[in-house]
Each structure stands twice: as C-alpha cells, then as structure tokens.
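Below you will find the structure I want to go over with you.
To keep things simple, chains are lettered A, B, C and D as they appear, and every chain counts its residues starting from 1.
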Amino acid sequence: MRTALVVIDMINTYEHEDAEQLLPSVRDALPGMLHVLDRARTKGSDVEVIYVNDNFGRWRSNHDELLRTALDGPHSDLVEPLRPDDDSLFVVKARHSIFYETPLEYLLGQHGIGRIVLCGQVTEQCVLYSALDAHIRHLDVTVPRDAVAHIHADLADAALRMMERNMGADVTDSTAEGLFG
Amino acid sequence: MRTALVVIDMINTYEHEDAEQLLPSVRDALPGMLHVLDRARTKGSDVEVIYVNDNFGRWRSNHDELLRTALDGPHSDLVEPLRPDDDSLFVVKARHSIFYETPLEYLLGQHGIGRIVLCGQVTEQCVLYSALDAHIRHLDVTVPRDAVAHIHADLADAALRMMERNMGADVTDSTAEGLFG
Amino acid sequence: MRTALVVIDMINTYEHEDAEQLLPSVRDALPGMLHVLDRARTKGSDVEVIYVNDNFGRWRSNHDELLRTALDGPHSDLVEPLRPDDDSLFVVKARHSIFYETPLEYLLGQHGIGRIVLCGQVTEQCVLYSALDAHIRHLDVTVPRDAVAHIHADLADAALRMMERNMGADVTDSTAEGLFG
Amino acid sequence: MRTALVVIDMINTYEHEDAEQLLPSVRDALPGMLHVLDRARTKGSDVEVIYVNDNFGRWRSNHDELLRTALDGPHSDLVEPLRPDDDSLFVVKARHSIFYETPLEYLLGQHGIGRIVLCGQVTEQCVLYSALDAHIRHLDVTVPRDAVAHIHADLADAALRMMERNMGADVTDSTAEGLFG
C-alpha cells in the first residue's frame, strides 16, 4: 500500500472573503508544509505528490494558467515555495472536498495508494471534508497539524479532534517518523 | 422548490460502541424530533419525509427487516415513536453521509426538493457530514438544534457552528416558524 | 478475488411499454438464468448472489414490498422461480445501470468481489450499461448469453459484441466451466 | 435551458491500438465536426463549447500540455482545425464516459445547461457511453451522425440506434436546423 502527499488549495490568490483571517495561519504553517513536501519529494517515486486545487474563473483544466495567476497575485511568496514540480500530479476540484466530482479516487486506486497525508488549507473546511471523504472510502489519513492552516482556531481544533476521533485519522506533526512509510 | 424532512439513523438498535454516551442525548432530542416529524406530516404531500438509515448486517434493502430488528432491540422506546408511516420514503445508506453511494440526490431531484431539514443523529458525525454533502450539492440545509443528538457536546457545538458558518445552514429549533415553508 | 452473480431487474411486473416484445425472450432465457442461479447457490458463501432491481412506485427500499407486487402481477411465473432467498443480497436502483447512485460498488469492495456474472434483462439496455459501468471500474464481467433477455434481437447481438470487444467481457453460456471460479 | 457542444477525445495522438481503423472515419467526420464547432462558436456566449478529453501519461490537468503533445504527433492535421480557443471549457477524463469521475455534471448544472450536442469519437464507445450517462442524468442529447467517428461501422450503426431508441437521443446531422436552439 503506497502513500501520497496531498497538497490542498495552496495555488491560491487569497482574494476570497476570509483571506485576511487565513493568511497569518498560512504563514505559520508554511514551514511545516515545506517540510512534508521536502520529505515526500526525497522519497522519489515511492511517494506521489498530488496537488488538489480549486479552479479559479472558467473551467479550463489548465494548471499552468492556475499557477501563473497565483504567482502573479499579491501573495506569491506563499505560492512560489510550494509550486508543483514536473513529477507532481495535479487535480482540479470544483467544490470543497478533494473527492467530490474529481478523478482523485480513481487515480489513487490506479496508483495503489491506500494512505494519504493531507497538508494545506483550510483545516476546518477542505481539510476536514477531505479527511471525511477519505475515511468513507476506507483510505488511511494522516494530518500533520503544523502543516495545515485555519481561519478559526477553535473550529480548527475541533476539526482535528473530529478527524482523530471519528475519522480514524492520525493527527501528528510534520517531523513525525514514518510519515511516508 | 420543495422541502423534505430527513430523519437520520433513528431506526437503530443502539448496540454500537458509543451508544451509552449517545442515549441520554437521544432522549433529550426525542421531543424535538417528534415535533418536526409531526409538523412535516401535517403538511401532507407538500413535504416529503425521508428516512435515511444505516443498514445492519447483510445488505438486503429491506426496511421491514431493519425496522423489526430495531423494534425488537432494547431501545424500542426510542424507535417506536419515530417509525416510518406508509407515506414515508426510505433510503438505506452504507456509510456516514446520507448522500454517499445512495440514490438520495437523485430522489431529491426527481421530487423537486431543494431544501432539507435534518433531524436525528449524530450531530457531530452523520448530521455534520450530511449537511456538508448537501451544501456541496447546492441544497439548502436547516438543522433544528433540539432535534439532533450527539455523543460529545463540545464537538456537537463546534459542528453546529461549522454548519452555520461554513455550510450556509440555518441552525434553528423545532418550533421555528416556516420550518417547512 | 471473489465472484458474484448479479440478477438484474427480474423482480418485475412487466407492465412497461416494451413488455410484449420482451416476454418471449424472458421465457427463452429463464432456464439459463435458473441454471446460473442454481450453480451460484451451490457454491454457498463462496459466491454472493446480488439482486439489483428497479424500484416501482415510491422509494421505500423495501424488497418484501417489491417482491410481493411482482408476485401478485400477471407474470408471477417468471418471478417465482428466480425469487431471492434468505442469503441473497438486494440492491434497489433508480435508473438503468446497476451502479448509478447505488451502493453496489461499495458492497462489491467490502465483499472483496472483483468479478461479476450478469444475468437478467434487458441485454441491450441495463445489461449493456451495467457491463460498461463495471468495466470502467476495472471489474471483470462475464455474461452468459443464454441467461439474458432482450427486446430487439439485433441490438442485443450488437450489445454482446460491444461487451466482448470494447468492455473486455467474457460472453459465454450458462453451462460454461468455471463460471464461478 | 442552455445547450453545450461537447467535443469528445479529439485532442489525440492516435497512437492507440485501433487507430488505423479509426483514422479514415475521423477524416470523413472532420468536416461535420468543424461545421458544428463553427455553428456553436457563432452563437457566442449562448452556447458553451466544452472539450472533454482523455488524459495521456501522468495526470497533470494541463490542457496546454495535452494540446502540445497532440499537435506534435503524426496526426496534427486532425487536431489543429479543432483546437480549443480561449472561450472553450476543458475537462480531463480518466475513463470512457465524459461523466465518470469528472466535474462535467457539476459544470453543466452551474451553467444551466440541460442539453448537450455530442461530436468526436468513438461513436460505439465514448460517444455511446456518454449519451447513456447523460440520459441517466435526465439531460437531453443530440448526436449529429456526420460529426462522430467510429472504428466498426456496424457497431456504430447499432450504437446510434440504441441512442435514438433507448436513450431518447436526437440523432440528426451537422446541418440540422435548431442544433443550438
């Protein structure tokens, strides 16, 4: 059973409503995210790195376009360090969960992946929903708490407890041993 | 746009792990559930009442069998008052969300239903997940807080705030005016 | 990898539009269907027998009700010999394919089933669509051609060739060796 | 209710198994495809043009990359005239049907589209499966028979009859009046 790192919604212009509340938490979590990304990439082809990202504007399945827009935005300093490389997979999502109306479940199955490590944003929204949708599909979920960013600290804390208690997730941190097997 | 009342997981033997923690909350919420059920039934064919319930044992899509098992269990006093009548629809689910691998979305579409009122259990689990999956599908969600039962009060409280803030749900109570339009 | 026999739409009142054209073919295919059903049941718990059937009338997930309606209909002679027994699984479907908005994929996964043998009706409709949806999900499909019934012989013949050529199905007959492994 | 033109699998390198059998039919159907594409584009924002295309190689949701690969292939003469423009939507699919594990159903809903005109390839495979999956979702389907390409003429003919008879599709031609309302 293989593991994938899933990077959620980090190719972002931060122009949405709650961005001001979110940004400080993203800055805090960036080192944790970079650390798990670095650890995953070091594993080479043993670990897939999969970006799952909201679409902006019209639906064109064009990750070059999405990346360019985010890098041209006011918060490119939060995008640039996490940008996909040539080995990254990339899935565009329409709604909150990384699984809803996306090919992700199919891709994981094809790559023999039974466990996903989630990083990115927002802890009490997309990360929570994705952990649930993974659990419903009998996938194992690990969430390094210092590699996810939130809008509301108290809801994020409740979300992490829900993942741990009700979704069988392993809530750990970015330096945990064995994060990628 | 029509409204449906969705009764979640109340045809139940309460033999699962957390039942002891859940039961007092079910007893507290039972009057609220009965009140919304009564209000929905009074509306006649204007409001569909849809039971969505976990399957027990082998998958036989047999609501008679499920109901009999629950009524024969030790907590029939919590099942009997809420039992489906001949006008109720009934959907069997395999996992937590009322939408996952069930025909519910299709049924709602066929009946022109764009808004669901959720009652039943568990607030911080199936109710939360179902509210999310409804929101993702652009359905309006109303949750009467005195008609849902929880295992952990603090997680239930966080779940209701998540529904209100992040899923556009109307968190209200069982006596609210206009609950069924 | 386990095998299941899937019996499609045989709990039926035959009141739909094309019933007159369908009935002679059902009578022809009945012995083949009974033969595969008998072979599957002989295997005991090694082979799951799963009925997947259209719902009639209101959605009540009630297989007793569906069966009673079909047995009370004018063609009970085509229903009675194929009726589910206490070991059968039963899934209600809303539309043509056995997979669309049903828990079937989930159930097959939980039972470790990677191969399905399809019997029932209609060859060039539900059987074809179900073979396709199984193939898309990387399930192996076997269709005994003497155990499926059609409305239009020429379309049924084309459908079987499509299944064989484009969906990797094994089109065989009800007496084939190794039908259930 | 709006209409979309869906262009299926025309961004293609034609390196798959049956390409030799498919190519003559693609050449025959190219003028019909160009005609419907031109008619759709003339309608401006009234008609969405949506490319739904197989992914080649690793999953990167990158339509620039897919297009470049196809234009660099040996059959760029069949790709170039049909290339997406800046107004086209683009959905990447993993398997045969345009709906399976893609955001297409969601996109159509968001754009208020209730009717799709299908062109592209392969008539007796992806086009057939997509017509079925559209019909199951209660979408109207139109197929101009001179704008779809096949591998086997007899199966394509059966497929078109199935679409017409069993999936309520309007099988017409690329010059038909009212193709885009």
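The definition used in the following text is that contacts are C-beta pairs under 8 Å (C-beta built on N, C-alpha and C of every residue); 3 or more make two chains touch, one makes a residue touch a chain.
Owing to the predicted nature of the structure, the values given are computational and were not obtained by experimental measurement.
**Q** Count how many hops through touching chains it takes, at the least, to reach chain C starting from chain B.
**A** Tracing touching chains, the least step count from chain B to chain C comes to 1.
**Q** Most remote chain relative to chain D, going by C-alpha centroids?
**A** Farthest by centroid: B.
**Q** In whole angstrom, what separates the CA-based centres of chain B and chain D?
**A** 41
**Q** Averaging only over C-alpha atoms, locate the centres of chain A and chain D and give their separation in whole Å.
**A** Computed value for the inter-centroid distance: 32 Å.
**Q** If I count partner chains per residue in chain A, which residues reach a count of at least 2?
**A** 95 - these are the residues of chain A that touch more than one other chain.
**Q** With chains as vertices and touches as edges, which is it: line, ring, star, complete or other?
**A** Basically the chains close up into a ring.
**Q** If we use the touch criterion from the header, which chain pairs count as touching?
**A** A-B, A-D, B-C, C-D
**Q** Would you mind writing out the residues of chain A in touch with chain B in their complex?
**A** Residue list for chain A touching chain B: 95-97, 100, 124-125, 128-129, 132, 135-136, 152, 154-155, 158-159, 161-162, 165-166.
**Q** For the complex, give me every residue of chain A touching chain D.
**A** Those in contact with chain D are residues 58-65, 88-95, 101-103, 105-107, 110.
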